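Both complexes below contain chain A, partnered by chain B and then by chain C.
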Partner chain A sequence: MTALIAGAASTTFGKHDDLSARELFRDAAEAAIGLVSLTAVDIDAVYVGNFMGALTDDQGHMGALMADYLGIPDVPTATVESACASSGTAVSRAVDAIDAGQADVVLVGGVEMMYATGIAVITDALANAADNEYENEAGLTFPGIYALMAREYMNTYDVSEEDLAQVAVKNRRNGVSNPISQFQEEVTIEEVLEARPIAPPLGLFDCCPITDGASALIVVSPEFAANHGLSPDVRIAGRGQAGDTLALQDREDMGRTRAAERAAERAYTAAGIVPEDIDVCEVHDCFTIAELLAVESLGLCERGEGATLTTTGETAKEGRIPVNTSGGLIAKGHPVGATGVAQLVEIVKQLEGRHPNQVPDSAIGVTHNVGGSGASAVVHVLEVAG
Partner chain B sequence: MTASWYESFAAAVDREEPQYRRCAACGESGLPPRQTCPTCGEPEMIDAPLSMSATVVAATEIHVTTPKFEGEAPYTVVIAEFDENVRLTGQLSGNEDVRPGDGVTVGVERREDWPPVITFTPS
Partner chain C sequence: MTALIAGAASTTFGKHDDLSARELFRDAAEAAIGLVSLTAVDIDAVYVGNFMGALTDDQGHMGALMADYLGIPDVPTATVESACASSGTAVSRAVDAIDAGQADVVLVGGVEMMYATGIAVITDALANAADNEYENEAGLTFPGIYALMAREYMNTYDVSEEDLAQVAVKNRRNGVSNPISQFQEEVTIEEVLEARPIAPPLGLFDCCPITDGASALIVVSPEFAANHGLSPDVRIAGRGQAGDTLALQDREDMGRTRAAERAAERAYTAAGIVPEDIDVCEVHDCFTIAELLAVESLGLCERGEGATLTTTGETAKEGRIPVNTSGGLIAKGHPVGATGVAQLVEIVKQLEGRHPNQVPDSAIGVTHNVGGSGASAVVHVLEVAG
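Our next item is the complex of A and B:
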């Protein structure tokens, strides 16, 4: 597999209630296209990750909508929905199209408009990622599901609420210098611990915020790059996807995300790497507990040692294996359908040496994008091309 | 639209004779009522009686909720495990604190115009 990333861009993340989904997506797409010496008419296919447009915007069919608005209504398109893993999954579809020789230039991105509709509608919409009968009908919310995962994890391993809070402190610190980040102020461990409860042990600052945002990539085949004088710096070296039961109750170990473990194994095998080769990661920290499960799923440490990895500073931006130098979902924000591609945008910046929290000599980066409480997961390995 | 098996399960809990699915080939157990066993792949999942009592695995208090449960927060949601190695999610009845290992009894709360809510009452 040899797809190259020729352009990568995100809008600022936060509040964009003056724009519609198509306008925000256009901003990201045109920024990504502008980084390449191409125009929209060079694009062969469009894949758009979006989760809740039908509820927040009364708008489905986002793939066709975006291609239309960009002035290329005749290309094949699809909206890709896999809850919070929507656009990570869309990236894999883009690579499929290039591998199959069906496309040379694919615009793949994501967009989510969450601000305007308010917290109650969003809590309801996010719950659609869960099992309606077994979880939502009992009054379980999305933060509630992760709270149950945290309880099981903290019950199994010697992990405290302070340990969880360290993830938020680290990611908020990273968010300060990222210009697209929704939160650009640090929080203290006390502020995290004393924040109002959402679903204990998770408080407000253990949770990612509600976010409007869009991200886009231009993915090209090596042949197209060679024939058009493009020399992208980053290639997609491996990808892996896997699944698990939709309802948390049906999993043997609720403090473990098996789909992400399997997705990581598949991506590493495809890229021919081992976890020790990774220089930098963007992981799906929708809640503080999720980052601990993520670093364990990616094999950065043994199971149960995710908290130690964080509290000893190994995942800090100056640590041994920096995680979420962007600020992650907790600081950068989590426009659900855009998050997977936004993670790749951040890793591209690291591998191109232009990240605001640059990790010196980054050559291999990994993204970890999870849908729901772990029923779908997609991992990508990115490498410096050439 | 709520799945018909969910309504049937709730009705069976009301009669105090709930059922789950067990694999005739490998013994794996679980809900929802699948036909094919997710562990061994045989299409041999059959109905079997489920006990009414279970043990708390994990619990959390929901402070920010969906429009449907607005005004009821905070309330507690529990995942509990039955002797048959089946886990189920339900809302805790009453205001008692529960911890992992505590015993609970499964029940159903009926509300007008709503699907049934699975509940657990400390036993």
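Our next item is the complex of A and C:
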């Protein structure tokens, strides 16, 4: 039980149209491998999270491609897809492989190339995460879906567009000091509120950007670590995954992400923690509203209190429970297939005390990765190994 | 260890353009569930093999979609992709989840819809299983890739086009009695040899067709079976997975599938068997040449002897080691994402003594599922549970 994270790295996030997916993934993987006294030949399996390679790169079979390009073509591989939760889900499959005794060292990562093919292809490709028959065919794309979620939430609770905007302001502020972040400038509350509307109440700065990026983790069994003199700083103490209806219209409450609630409950139970134990979180803020739903799903506050948690500064990097010290998807960027692993990379940096927005004495961190409008959710609890 | 298969079913394979992917998958899943005293609510996780849904159905996130459509939206899901080995790989991830204690009952299946979008889209989509930069961009598609493999093999060994054709004759003959088979008519050796050339030496009947189809398994832990009064007839005694270079050009010998050799070795070791113990096999005969490489990789004969094994009738349904009693991909059809699970479904029927081409006293069966030209391979050993 409790696999260890021996290496963790992300490329810079942003525009990488001078590289192919394999080159970008290799950069992340080699950086992760380089952090530990391993070579690629120690790796038993490669799992890759990727969502839209068939549409952006005319390339499937990414697991095999990446292992091959890293010089380890012989190993078992898989591509794991669960929309925007692809690589979070891949991490759980990697830990399964270790717990099942099928592997001692798994390279699990993710990659997405979103810039080169243009926004029209990407909007279509992203829509594949929703229910094509009942949502896309009706004209819904993701900004519209999250706008509906925001409207429902704002109808239920006393939450304003300004409250939503505070999430963007906070995350953009965190992104300034994160060297991998796609956006490195702050935005003001006025800029967020006056930005071009995308799908009201969501404006341009309420939405994460499209992003090229890759992330990778080296996950090892405790036995392998012990036998090879490795002392990784971080272990995966708990993981939880759950689902919900694919189409938003089939949910009782569109302003609530039940899958994430259940995933968090399972992960906390597995790790033996309660929300009050958490020092730092990376959550899936694909839109500002998503971060409010996320902090509620993680039990960091009561339902309806997510906005207050933000506006009172409790989720700021200096706050009681810092959320998205990386800048989150909104500032760091959202290379879909890489995002889940990228969240773990950020938490590893926090628990190792080397994060650019370091939260003092971080010992327990949580990641929250969501697919579609919440039809998939994966939560991981990371702890300082000791 | 050794998960049990409590239910196994495939839809008919062929043209289902009156159904959507979710409907076809549901048909297979409900049939598999109906074979055991379970309901959908007993299922802990859903893993779906699918390769080209983004291109054929504008639909990703298939795991979540299928769980939702079966009325169990809450469960963890994943889509597993490894080209034509997608659902074989998904089975191994399902067994991982059970062995890791993360699930007691996993619905693992696959689905592919290939007819409705037309042959041009499908040819492009299939090519995504190869190396886009080094193979597709050079004009290679899969018939050409396997033709190269056949040429290399025929240059090394004394094997003729007529020898290849015997695989098609055998598998089409087996397909006649399999009610799910896409093709239910025999072909003669002359018809195979005189058929329209596709990529010489491969003609039309050397190639598997495009196919709509879905397959599903209910995999359960031994503890769950014991606690719920289930006595499944079949267990997964061993599994092995391995890889090879994605591009054919990077292999030392294009007429050999090393990944399948390694996968078989691992699966046999895990099951504690030798090739001589095997009673019946389903192998990945996407082209006739592929079956010759498959039987050699599985150790059913020496290298270079695959053709003799076929032409002497040893792999016929009445032979010493019957291969593809289902009709294989060539006759049964090849709905890419479903094929790996479909192979297990056929072996389960053999071990349960209810196969339309029953091999007497089958106690040990093997499946061999390959992705691309052999960059991924998954082998499962199934045994009568006792």
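In the analysis below, the second predicted complex is superposed on the first by the 386 of 386 C-alpha atoms of A that agree within 3 Å, B and C clash if a C-alpha of one lies under 4 Å from a C-alpha of the other, contacts with A are read in each partner's own complex, and residues count from 1 in each chain.
Operating definition for what follows: a contact is a pair of C-beta atoms (placed from the backbone, for glycine too) under 8 Å apart; a residue touches a chain by one contact, two chains touch by 3 or more.
On a predicted model such as this, the values are computed, not experimentally measured, just so you know.
J.: Just checking: does A:T308 make contact with chain B only, chain C only, both, or neither of them? Give me first, second, both or neither.
T.: A:T308: touches no partner chain.
J.: Tell me which partner A:D99 touches in the superposition: chain B (first), chain C (second), both or neither.
T.: Touch partner of A:D99: chain C, not chain B.
J.: Once the structures are superposed on A, label A:D250 by its partner contacts, choosing first (chain B), second (chain C), both or neither.
T.: both
J.: Once the shared chain is lined up, is A:A120 touching chain B (first), chain C (second), both, or neither of them?
T.: Touch partner of A:A120: chain B, not chain C.
J.: Is A:R196 touching the first partner chain B, the second partner chain C, both, or neither of them?
T.: It touches chain B, and chain C stays clear.
J.: Pick one for A:E133: touches chain B only (first), chain C only (second), both, or neither.
T.: Touch partners of A:E133: chain B and chain C.
J.: With both structures placed on chain A, which of the two partners, chain B or chain C, ends up touching more residues of chain A?
T.: C
J.: Check the residue A:S177 against both partner chains and state whether it touches chain B (first), chain C (second), both, or neither.
T.: neither
J.: Touching A:E152 in the superposition: chain B (first), chain C (second), both, neither?
T.: First partner only.
J.: In the superposed arrangement, which partner chain does A:T141 touch: chain B (first), chain C (second), both, or neither?
T.: A:T141: touches chain B, not chain C.
J.: Taking the contacts chain A makes with chain B in one complex and with chain C in the other, which residues are shared?
T.: Residues common to the chain A contacts of chain C and of chain B are 124, 127, 132-133, 136, 245, 247, 250, listed in rising order.
J.: Touching chain B in the complex: which residues of chain A?
T.: 119-121, 123-124, 127, 132-141, 143-144, 147-148, 151-152, 155, 196-202, 245, 247-250, 254
J.: Under the touch definition given earlier, write down the residues of chain B that touch chain A in their complex.
T.: Residue positions touching the partner: 2-3, 6, 30-32, 38, 57-70, 72, 74-75, 77, 79, 87-91, 100, 115-118.
J.: Residue numbers of chain C touching chain A in their complex, please.
T.: Of all residues in chain C, those touching chain A are 20, 22, 51-55, 57-65, 67-68, 73-83, 89, 92-93, 95-102, 124-125, 127-133, 136, 241-247, 250, 258-259, 262, 371-372, 375-376.
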